[in-house]
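Shared chain: subunit A. Partners: subunit B in the first complex, subunit C in the second.
Right, the complex of A and B next:
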């Protein structure tokens, strides 16, 4: 038998090694983006830039269509977030508070949508969007993204709302508040933390989405993932610029995720206690 | 103005209506169109009309060796990704659990890949796996595992590519599996483990007889969710290989996309998609019954 101290040190070492292996790829991406475009392709590759350079980032300036695609992604993700929250908040409240037959069926149907491969609804969605005149528009892509995030939003919000004590609404109802009034004035403010977390999830789901954007946008509202993916075919593989684009594209996701770590716990408790 | 009393039932329906209508128009209706299209010969350029062809599209789909091959690849890819994620994720969860509270910082770093957009993961691994300038082969060469940096062509070798395109998926989601299982492990009552220890159960026995049965619901959820996502994968593979070389990484969703967009064969693509979805529903139901059902009947 090894001593507990030795085995603990061994354990720590093992975990540190795993963490190193998992952390390495992204660190290497950031490191490569800070090399000069030539050094990014050096044989053999170096782990760290021998000379820091922002040339790869500066080169993005030569590609206005790629820059525009980031703007498109932001607009579409915001639109999709607004649509989803507007639709999912009332539905989640109904599902969480009133255990009716309709609510249960609804939740089940929502779960089933997870099984649908996006490629299956892609073409029919294309037909519908064309009939509505929404091909290659921000709204069209945002609506398509919402088909993924409305079910996601309902599930997340329903779990947040279940955590809100029933007494809060009952008290409001006794004081003469209508059902809608209780939802608007009591539930939504108390659930605002949960709604914020859901909004971030939805925003990121749209930001990362690939297939619907590929099908429903052409030159007009091309999103960043598509522009980045096509970047290689159009100009040959410029790996240096590619790595800087990848870093820029992942920044909002990383920032939001870091923000969210605290919000998830705080969001649930703060509202109810403060009131 | 007549006052309509807002009963509880009406109120619930009113709340569900907006989301319900949205899902009906943008999810249910497209699915019906998909089903209709699988019985029609439809061209990408005249999507609204088409000729009814009965079961023809299904017969063609089932008879096509390329469809059968991509179905087999989808299964292989899912098994490769899922088993690697599960083994690595469970291992990491057990290590974190053994370290207890001290593992917090390590867990935070380990959660990092969860925040990486899938297309970035795909691009990044594509870059790392390039044979001559890629860092992976360089590291293998430095460690003396391969003789030359161009010895392994990760994304160019037809026998290897399905494994290579699974790498970013594994990298991205092991953290998810690990963190969910870690939470599950934290919820295993310490008294049960203690009781088993007093009864003389060894480490392995405690793990098999106490921990795993208690974790079964969590394991079921993780496996099913991750399995569905791996089977539906599109973007990460598309960005690495677009299904190549010579279809060697063409899984079903890529094949369906190609059949529709590149070949304009909407009818047959719809039939394949319909079969694909049917398969997913059956596989999930089966997985659910096997993993969840066994756990409840044993206790």
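Right, the complex of A and C next:
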């Protein structure tokens, strides 16, 4: 029989292995960004920089459009998150509360939209946005991102809301609250953990999205993933610049996720245990 | 008095008509990738000053130029007045591009390389104005080629003086000569050259032209020639440095252009065939920064041959500022030499290259000129499904050939069968 200490050690080893597998690409990214541009291209590549260099980071100042693109990414991701949550919360509430045939069909149809490759809807979206005069606008790109995020949001939130006791809402109704008032005053606060988790996922989806941002932006609202990809040209890849930008691009999300860690875990476990 | 009034009225009318005829300043949107910005921004800025128009570059990653313009074409509209596109996309965008025949005067045609003039046309109509042309040339280590001991040793072994290679045989001799185990540990420390199996869909085509083929894969009438003698000879030469002699790093499938460039600039290969722009981009902190020499591409039995990689400015038919867009395209051609001062240091006009060819720091331009001007420097066939041919036929042929286990003629026969299945004859 294995002792608890041995089991724990084995578990820790397994965790360390998983962390290593997941963390290595990012660690290598950070390491490459701290190499000189020449060292970044060494064959065979070195794991750690032989000499720390911040040249790649210092060079970012030479690309003002890249700096603007970070601002655009933040605006678009926030806008997309707000739109998605605003649409997904009532939709998820309706589906969760009225477990009707139509609601289940709706959930299924919503899931189907997630199965369509984004490239297939790229051109129709482009036509719609152009007709609406939303090409190269923050709102246009954010709306396009919401087409991906709303189905995800509805599915996530519906599962959270199913876990909220119906009695809570009924008590509010007895106290004179309207259905919409109960949603605002009771359901949303109770589901705030789930909404936070959904918002984070939606934000991340928009933050990293490439295709729609490419099709719907020109110079005005170019997002960071596109600006970073521009350093892969026909004549080579500027690894140093790309990796330093990728590190900077990932930092806000990492910091945000660390700050929200408890809330995310709490949100993910909402509804996991049913009484 | 009446006469004065009449004259004044006529003058007013004339001046009004002149004002009405003058162009209002417009913003011209140009779709490009980074190279297009570098090479055209100086001329575009000058165009802005002279005309009052504004030129706005929409810079996207390389492959996204195709995606973005395809989306515009599919929707029948365009946010772009000019697009700078790779030659391999010309056929695809031909229905979407405004004819530019009026811009191609005899003088213009004379100042462009023949392959560019051919590539600029689809079905006899000029649709793109070349803006720069690149091609592979030879890069070598000057310090090694000019070393007295190396020169003596080479001549003693091969019977002719050591100089940048000009033929297939010389290239092979020098690749063998410089492949070395410097520290005697049984491992090769420097290879004579490389074999770029990572871009096998392209690299062996160059040897095909050097072998004397009238084109690659298809002839001028789009008839299949993939199994002609020159294709066989070219493919055999391409793989020989890997299969018959160990003069290139053995992991050929991992060697694409980026890796090949790094191998050379980190002193792991003595010479290599590479795009001419790299000479100007040599990094100051490279261990061989001041030691790089450039020479024209080598010649096979058919002479010097290479595949050009030109980019063209096209004017989408849907542009709302067509007249000004054509004006910009013409201006960029007229001031084509300004691109040579840019980081990539490339242009499309012979006169532009000639203007800088003897300037210090531009030693790659004479080799580029000579290679681009060679009759065996021929573009890829202008067929809309070229990328499919490259991906599904040429790449597999190159990769299979580099396993050294296949008969080259059989591989090319398979290529013919595949092309026939695609509808070619």
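For the reader, a short list of remarks on this structure follows.
Everything that follows uses one rule, which is that the second predicted complex is superposed on the first by the 226 of 275 C-alpha atoms of A that agree within 3 Å, B and C clash if a C-alpha of one lies under 4 Å from a C-alpha of the other, contacts with A are read in each partner's own complex, and residues count from 1 in each chain.
Methods note: a residue touches a chain if its C-beta (ideal position, glycine included) is under 8 Å from a C-beta of that chain, and two chains touch if they have at least 3 such contacts.
All figures in this text were calculated on a predicted structure; none of them were measured in a lab.
After superposition onto subunit A, the partners subunit B and subunit C occupy overlapping space and clash.
Of the two partner chains, subunit C is the only one touched by A:218; subunit B is not. Residue contacts after overlaying the shared chain place A:22 against subunit B, while subunit C stays out of touching range. Legend: residue contacts after superposition of the two complexes on their common chain; A:12 is shown touching subunit B, with no touch to subunit C. Shared-chain residue A:230: touches subunit C; no touch with subunit B. Touch criterion met: A:178 reaches subunit B, while subunit C stays clear of it. Of the two partner chains placed by the overlay, only subunit C lies in contact with A:38; subunit B stays clear of it. Legend: residue contacts after superposition of the two complexes on their common chain; A:127 is shown touching both subunit B and subunit C. Using the contact criterion defined above for the overlaid structures, shared-chain residue A:60 touches neither subunit B nor subunit C, since it reaches no partner. Contacts of A:30 after superposition on the shared chain: neither subunit B nor subunit C is touched. Looking at the superposition, the partner that touches the larger set of subunit A residues, subunit B or subunit C, turns out to be B. Annotation: subunit A residues 41-43, 122-123, 126-127, 130, 211, 215, 229 touch subunit B in one complex and subunit C in the other. Across the interface of their complex, subunit A is touched by residues 6, 8-9, 11-16, 18-20, 22-23, 25-27, 29-31, 33-34, 37, 47-48, 92, 95-96, 98-99, 102-103, 106, 108-110, 112-120, 123-125, 127-128, 132-135, 138, 141, 149, 171, 174-175, 225, 228, 231-232, 234-235, 238-239, 252-253, 256-257, 260-261, 266, 269-270, 273-274, 276-277, 280-281, 284 of subunit B. Taken together, the subunit C residues at the contact with subunit A in this complex read 29, 33-35, 56-62, 64, 67-68, 71-72, 74-75, 77, 79, 86, 257-259, 261-263, 265-266, 268, 275, 277-278, 281, 283, 285-286, 309, 344. Touching subunit B in their complex are the following residues of subunit A: 11-12, 14-16, 18-19, 22-23, 25-26, 28-29, 32, 41-45, 47, 83, 86-88, 90-91, 93-95, 98, 100, 102-103, 106, 109-110, 112-128, 130, 143-144, 146-147, 150-151, 154, 178-180, 183, 207-208, 210-211, 215, 225, 228-229, 239, 242-243, 246, 249-250, 253-254, 257-258, 261.
Subunit A contributes residues 36-38, 41-43, 65, 122-123, 126-127, 130, 135-136, 211, 214-215, 218-219, 226, 229-237 to its touches with subunit C in the complex.
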